[in-house]
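I'd like to ask some things about the structure below.
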């Protein structure tokens, strides 16, 4: 998010473009920019994905670890999110400079994944009250080119889709100490059901209209918008107003409606693409070498 | 996060003894069948604190002047058992010179007192508090006339003394009262409220027990909505929704919340009017004395 | 892990390399559009990203400004998922801070800082996947990013590691060899002048071996330098043709 300075004339130009449903890069208000997605890039992680939405670049690594479940939820595993804004994106993120933004995104991820409708945490339990899987979802923001929320959520969903959880068996109870047996075959793994994991749609309001997938310049022109997390079955799992402006209830409601429609479409397309990608051969991986 | 070693820390791992408490039979049965409705409201459609679903807890003990004597403006409100105090300082010079801005800046700090929740809170702001601070700032920025005090900043500190549900909603109301008492120019007051959604039922202003718990695995139509509404301008300054719901239901929830805010507006205005009258009469007395 | 496992009787290393064989190096330049210069570098399974911003005005406190040369600011961070065990923090721990300082020293020696008095050059490196030789990969990637940014250098900086197993010097050590308890010598050099700008050794070996191991590391540096030079040339020719085409 290198600092963007726009003159009044440039702002007016963007405004008029949005009004006429033709944005600076030729898109209509409800179009996304091209997306590049690849999974399985980091071999040290149990699942990983890299997503590039125009200039926004996100790398997600999922690590699967064993832990004891929290005392109030003995029969469930956990998802732990951690967002790191790399200084690669902008010098302002150096040291602890990116923490505010990281926190915001992290919290929204937690909240939208919290409902039992999106992910079945009971699937991650191994031995009730004693052992469970913890999925550490670590998000690395490498470049900010606008619309970070959408890009992050898509990348997280893809990384979780690619995550392989090893099969584990609970062997004889020796006194109170159960023994865990890890399968010898490294390919003996299972995948999570990721069908319902939420995708996010950011809608920014510019003038009397709203648009999806804003560029940094458009974000700069708008004072308010909403981020809507939509699960695979078209339910809304979290909403937040962003920006320092305010919205009329009517426009908010219509934004919510558009958001949930677009979100469902994004989700569907993403699932199709992920399946296609899974069936590709490993030698075709490109990574950062273009 | 580095811990503050100068303060006495509790043991790293501890959990509330209340988790071991046996629930009474009725509740256990209901919990097993995951029927929240039964837990929260009895068959006679009355909540535990004898409210009907569409009833909010009364705002009481609203104190506006002198609650924090050093602050320029302050306010204390109680909404049921949710009690919080807010102090406003400024406008004063921006401390960090690098953050030059032609508009005024708001600095918000949202803090739960360590003893305010069931689980003990640390002295340092945790991630949740940081995010709530951000939400509070974004909402108030929409209401405060920032252009009136360029190159200066206003500090808003909210401390929750007791949290019994809807802390952000109460904080919004409290902070806008404190801002008004500090004579910070505003377009409108921000009035906050929360709505809890259950299948086919909406509860206005939920208590802690009624609030949507993020980790509970209940499926459909379960969510929490907090809004900050500016009644005179009819604008939404804050909107946070968490949990699973359909778009149509969100519309309903929003309607219920805005209606409540419109109802509360005269009450809040009355409180402010009293303060202004008191200050004016004090001033005139002082003049007579001279 | 004993020396036998690290170096077989046939003289092959645990990943099948010969003692004087480097891991595969791949590198691409200019992968980010917002940074002034950026590079991605793979050295075997070690994968590193580097971005360069500047030279620009000093950010933050002006007291950091040097009146006669540019201030080099480096940050070394490791992705939390980059290693076998999950890391809790990407940076801010002692090791990362130490790495950042070493990077700063290395590049202050290589960049023609005297050309930019009172300004700052930022170098940010991010380890995406760690498999030994993180520091060397970071130096090499940062150097490529500096080239991409067009920052004037006295000379390219290249870095390489070497180790000693069963009295045989090994070049470009991987994670297994590094954590197996064998010594690791890290060297960064300016290949044209042959000057050493950074050197560090973990563990110990007899001083008689030092020249042998050092020579291996320097040879490794020069080889890496040649490979990176080729990549650099390829990138610049591509840039040139695309400029001419437009």
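Letters A, B and C name the chains as they come in the text, with residue numbers starting at 1 for each one.
The working rule: a contact is a pair of C-beta atoms (placed from the backbone, for glycine too) under 8 Å apart; a residue touches a chain by one contact, two chains touch by 3 or more.
These are the chains along with the protein names UniProt gives them: A = Ribosomal RNA-processing protein 42; B = Exosome complex component MTR3; C = EOG090X0CWA.
Model, not experiment: these values are computed from the prediction.
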Taking each chain's C-alpha mean as its centre, the one farthest from chain C: B
Per-chain Cα centre nearest the global Cα centre, belonging to chain: A
Centre-of-Cα separation between chain C and chain B, whole angstrom: 51
Chain centre separation (chain A, chain B; CA means) in Å: 28
Whole-Å gap separating chain A and chain C, where each centre is the average of the chain's CA atoms: 31
Sequence positions of chain B contacting 2 or more other chains: none
Shared interface positions of chain C, touching two or more other chains: none
Chain C contact footprint on chain A (complex, rising order): 2, 42-45, 48, 55, 57, 59, 61-63, 65, 82, 84, 86-91, 94-96, 136, 138, 140, 142-145, 287-290
Residue ranges of chain B in contact with chain A within the complex: 15, 19, 127-128, 130-131, 134-135, 137-138, 141-143, 214-220, 222, 230, 233-247, 250-251, 254-255, 258
Contact set on chain C toward chain A in their complex: 26, 28, 31-35, 38, 40, 42, 45, 47, 49-51, 53, 59, 73, 75, 77, 79-84, 86, 90-92, 122, 124, 126, 128-131
Chain B partner contacts - residues on chain A that touch it in the complex: 70-73, 76, 100, 103-104, 106-107, 110-112, 114-118, 121-122, 224, 226, 231, 235-249, 252-253, 256-257, 260
